[in-house]
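Structures incoming, each one as structure tokens.
Heads up, the next two complexes both have subunit A, just with different partners, subunit B and then subunit C.
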Partner chain A sequence: MASAAKTNKSERPFNFLRWAKSRKGQQTLIIIGFSIIPLLLLFTFTYFPFVKMAQFSFYDRNYIKVRGFVGLKNYIDVFKRPDIFKSLWLSLYYMGGAVVQLALALYLATIFCFGVKGGNFFKGCMFFPYLINGIAIGFIFKFFYTRGFVLDTVLQWIGFDLENLPYWLRDTSINNVSLVATSVWKYFGQNMVLFVGAMMSVDASLYEAAELDGANKWQQFKYIMLPSIKTIVMLNLIMSITGSLSAFEPPYVIMSGGGNGTATYFVKMHEVAHTSQKLGLASAMAIVLLIIIFIVTILQKLFFKYVFKNAEDEDKGAAAKREKKLAKLRAKEAAR
Partner chain B sequence: MKFKKLMALGMAAVMTMSLAACGSSDNNASSGNDAAADTAAKTDAAADTAAAETEADTNQDAAESSLTYAGITLGEDYTDLTTSIKWIHHKTDREEDGTIQGYIDEFNKMYPNITVEHEGITDYAETALLRLPTGDWGDIMFIPAIDMADLENYFIPYGSVAEMSELINFADQWKYQDQCYGIGYMGNAQGLLYNKAVFEAAGITELPKTPDEFIADLQLIKDNTDAIPLYTNYAAGWTMGGAWDGYLGAITTGDTTWLNQKFTHTAEPFADNGDGTGAYALYKILYDAVAQGLTEEDYTTTDWEGCKGMINRGEIGTMVLGSWAVAQMKAAGDNPDDIGYMPFPITVNGKQYATAGPDYCYGINAQSSADNQAAAMVFVKWMVEESGWCDFEGGYPISKTAPTSFVFDGVEVVNNDSAPEDEADLMNQMNAESELNFNAGGDSRVQRIVEAGATGESYDDIMAEWTQKWNDAQSALGVDVLY
Partner chain C sequence: MTVGDNVKKYLWIFIKYFSMIFFSFVSLLPIVSCVITAFKTDAEYQNTNVMTPPESWLNFQNFIDAFQKADMGRAFLNSAIVVVIVVAGSVMIGSMLAYVLNRFTFPGNGLIRNLFLFATLLPGIAMQVSTYQLMYQLGFINHLYGYIILMMGTDVISIYIFIQFFENIPTSLDESAYMDGASYVTIFFRILFPLLKPAIVTCMILKGVGVYNEYYSAQLYLVDKKIQTVAMSLYTFTGPLGSKYNLICAGVIITLLPALIIFIAFQKQIYSGLTSGAVKG
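Right, the complex of A and B next:
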């Protein structure tokens, strides 16, 4: 009887309902159920459009009409056209700004970490710009930089003569710096808050121990704080550099569409895609930018690996030396 | 991860905002309704007319054909008609300040039994298109950008184009199979905005007729007054390409076929004619004004909202804008009478030209009841002929009989001829291929002239570059070079 029942059970045809009610079935169904929605969203709104864009980049087309397959012509144009490729150089301004921004954020975060009266208030003030919408910031700075307005007035208070001040947005030698300054103003607070968060997680007893050993604040920063937060520093740097490659709001809003030599790669892309409706060329530009961002990120990773590897190598070397010394001592002892 | 998400969220928010910002500036331009939008709509529609003409004409109604604009005598016909009609429009500013209600009250003195409901829509161009197919949007709307072939599905004709042309200007704006479907509420003419008081203070007695005279007058304004001679409105963007490109065509060449028929086939459209005409002379005015310091100090921080009050107070001498801007400048301060509008200072063979076209046009719902259609047409006719709204807005007259204060002395008002049907899309293609985008958002191109004027870059080099791009586009698209 028992064996008959057993064989019966094993031969019973697959019953979906029963399977679905079983523990294993429930597990599988829940996993599928929970992951299918995000995956579907990811696919429809990220990967599928991306594949389409990659496809567009090989065609000469606008939004509604395809004029024909042109192969790599769009890519060649991206590199050959001086106005497009030159706009990439403007990113250097923003990269420079990113470095300044990170240094400033790191400096302020360190100060906050060592304790400041009313620290939370100041932190809030500095983080606040990040919460303002980028378009609003654009309009704020449009007036900020207007001749004889905020910036000029403040500079006049501290003794500058209006005659000697440049036109912040008109002079092509300085207007990109003015624009970069707005993006530094916006993002440094956010970087700072991230740094403070990472620094807070460092064990306080380490500082105490270091202090007892006679380390000053700079040494504490250099040997305890910085190594502990290097992942966050790296993350912030990568985000800032890739962000500076795709700078868009400041030139677009403040300079009304990137006039006066401030058209960054993104602004140029926007113009090509929407004003001139060369969708193929714009898609090619986007893909080239993607590749550039990949390359820059990989380079940064390699760079940091190299920098931190050196430190580890020293440690390893030291350990090896110590081992050697110990081995020698042991050998001596054994010889005795 | 969280940070990345935050970043993504932030980016998404920013992008949505920037989209919204783009949208609103577009609206600005289209409510301004420069000739650009008009011609674009026209050429688009013309392209589709050919295709649709083969379709059978199914929507003709006996009731419609008996009702015509010309056949209505205001104050006599339909006085016993009792109904309620609804009108949707884009003039939210006039809705808010009570101007529209005022006109309706006035209308009700003549037609007390016709109740007019009205709704001002902020996002008109899109909302109207969405509501149109539903059919129950009301009885009168300003016709949004639709194809000419669709006109008869949505609207009833006012009468034949020939018949209407005797009564109103621009009867051919919305025409299909020789029927007129739309009547403008006001017209826009292309000229130049100036402050009469500033001109007087500068000692300018006669309006300039050529670029040289104009620049000389700007110099007079600079020498004799504190006003900014020419305010470029560089920073607003759409006031650059959107404004300056509007003068290409008949105004600069005296040839109504130039813009939509010859331009694309011209080998050197930007060549210096040497006599102050043509596209070269048009943009040269801007270049010279900037190069000679006759514009605002810092062009990168011009303020569109602020400039309205400035010209009203006499702090600005001239601005290059379509006549739609007149009403806004007048309303912006205490000196509405100082705002004047003059023909563009280019003279071709001893004659100045101006182009003009209608703003939004009244259309009457084809699905309304016969009574409502009649009441709607009575109302439209009253608004056009009797209300004086067009003149109040400072617009170019629509009605040929209503009194108007719009004066363009000694100027021939013309309309740029539309492109031939087989080339309806050619201008768009040329614009896209050359990336010069004339009358199609080429703001950065005109901004560059200002920059060149300020930095001393050669104007002829820019013109040569444009010519090069134009010629490249012509060969890429295989366009025959005929002129």
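Right, the complex of A and C next:
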């Protein structure tokens, strides 16, 4: 912009007002005016902390005092400290939960697409937990899992004996499963809504045609629904890996900061940063996690490129496959 | 139809409705048990099972107590201030940036898009370590405005929803307005912004619910009790009040009500907003 102004000047005296009224000038001004605030916010609250964090990770420091440069020691500590490394393993529970959650969402979304009376009511019930704030969820499930309270009562109704039931949050062999269950509870309805949205984008006449041609529900699911939502299911599955690595809310709010061996990586990081005030170590933990997330994301991109090539090809391929299967079904019907 | 087909049909109907009812029950059970307990007096709470209905469904004493003990009037006011400003700010910032990115080709357009896209990969909580220090240096800790600015700065989804929406508004509209002598600012505010209404409603709801429910940054940066938000006001019930679940449940239900009302009123927009956001992401 500066150089443009200079060349202008050499030809005739530069008039800012005239420039500002010209089309080019208006465009430049609006581009700068409309994007400066978002960019300022983005850099201040995302990129600046990111760079700072990368820098912190090489120092031994707390919020106020810098104790000195320590090189890679913080990174080595991330892998050497057993409590931190163990917390990374807890992610596996959350990955397991994510798979259950997606399967459940897929199953329920399929049922919705075949039509259910009162479907909107059921959908609303299952979706609502997604809109509850984290701290309320913490209290709800502390109450829910307390000995002899909600869960125990319901299990007693269907014939369990209180004596044989574990302490859902205290027993270290089960408490992580209890926590993962709350996460599944919160998100399966939201996943289901996403899947229903994708499934509904399929032309309804396709189902009618399939029905007329004698395709049963399972065949309709396999050949019509599944291809249309393959991309979004895969996307959610892969996203759930990064989501599991950064699991935070259940142990943080229900176990008041991850007691009883439920501290996930993020909870541990929060504790290292805000309780032990080891900023360097916490930063190194964050960077390690970010690197893992980047690797997963790149793998995901490659995977999509490799498997689907691009979205249009995928749709065409799926459509062709569908046609072929339907033709086969028709032929079978005719033969009978 | 043979008998076998009939059996299959009814079995399918049974499985269908059983699944629906079962999972709706699972979703509602934790919340309903809270509602039941919230209506119980102290004596009732101690002497009856948690799933036994309360003697009177009109016993609102717990709600009144919870509201006063947690100073929820104040908290609702704070939350309202935060939600209104953050939502208005996000909508303005998001739609303006989306307008520029969608309507003009200029060097850096792709770069800006990528910068925002890349930012979605950085999980917010991971960044808190250094964000906290930044907030400290800016003097933003323990001030409502600091928290509001932080909340506005980390919004990417609304930008995407707006860009998507702009793609469906023909550019010939801007072009003819420009020919008629309107400036770009006028075109944006007078012509395009009103057309964005559906996208604005979607963003307002998603962002509004998100901000209303936010608790992690709130508890880091809003320490003073006078500036606590609704979600945080529930923290009053830890400590000595931590076992009075009839009171706690009443508090929890109070904080749920706004989300429930918004949800019932804007169900369709919430579903479609989520779907459109996810397809892009």
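Keep this in mind: the second predicted complex is superposed on the first by the 286 of 336 C-alpha atoms of A that agree within 3 Å, B and C clash if a C-alpha of one lies under 4 Å from a C-alpha of the other, contacts with A are read in each partner's own complex, and residues count from 1 in each chain.
One rule holds in what follows: a contact is a pair of C-beta atoms (placed from the backbone, for glycine too) under 8 Å apart; a residue touches a chain by one contact, two chains touch by 3 or more.
Just so we're clear, the structure is a prediction, and the values are computed from it rather than from any experiment.
Asks: Counting only touches as set out at the top, which of subunit B and subunit C does A:N133 meet: first, second, both, neither?
Replies: Once the two structures are laid over each other on A, A:N133 reaches both partners.
Asks: Please indicate which partner A:F114 is in contact with in the superposed arrangement: first for subunit B, second for subunit C, both, or neither.
Replies: So A:F114 only meets subunit C here.
Asks: Applying the document's definition of touch, where does A:L194 land relative to subunit B and subunit C: first, second, both, or neither?
Replies: A:L194: touches subunit B and subunit C.
Asks: Name the chain, either subunit B or subunit C, that contacts more residues of subunit A.
Replies: C
Asks: With both complexes overlaid on chain A, does A:N260 touch subunit B (first), subunit C (second), both or neither?
Replies: Once the two structures are laid over each other on A, A:N260 reaches subunit B alone.
Asks: Between subunit B and subunit C, whom does A:S35 touch in the aligned arrangement: first, second, both, or neither?
Replies: A:S35 contacts subunit C only, not subunit B.
Asks: Please identify the positions on subunit A that touch both subunit B and subunit C, taking each partner from its own complex.
Replies: 133-135, 143, 146, 149, 194, 235, 248, 252-253, 256
Asks: Over in the complex, which subunit C residues touch subunit A? Could you list them?
Replies: Touch residues, subunit C against subunit A: 12, 16-17, 19-21, 23-24, 26-31, 33-34, 37, 49-51, 93-94, 96-97, 99-101, 104, 106, 112, 115-116, 119, 121-123, 125-134, 136, 149-150, 152-154, 159, 178, 183-185, 188, 209, 212-216, 220, 230-232, 234-235, 237-238, 245, 248-249, 251-252, 255-256, 259-260, 262-264, 267, 271-272, 274-275, 278-279.
Asks: Can you list the residues on subunit A that touch subunit C in the complex?
Replies: Listed in rising order, the residues of subunit A that touch subunit C are 23, 26-27, 30-31, 34-35, 37-39, 41-42, 44-50, 52-53, 56, 63, 104, 107-108, 111, 114, 116, 118-122, 124-129, 131-136, 139-141, 143-144, 146, 148-150, 153-154, 185, 188-190, 193-194, 197-198, 217, 232, 235, 246, 248, 252-253, 256, 266, 269-270, 273-274, 279, 282-283, 286, 289-290, 293-294, 297.
Asks: Which subunit B residues qualify as touching subunit A in the complex?
Replies: The touching residues are 3, 7, 13-14, 17-18, 21, 234-237, 297-301, 431-432, 435, 437, 440-444, 447-448, 451, 454-455.
Asks: Under the touch definition given earlier, write down the residues of subunit A that touch subunit B in their complex.
Replies: So the residues of subunit A in touch with subunit B come to 62, 133-135, 142-143, 145-147, 149, 167, 169-170, 172, 175, 194, 235, 239, 248-249, 252-253, 255-261, 263, 271-272, 275-278.
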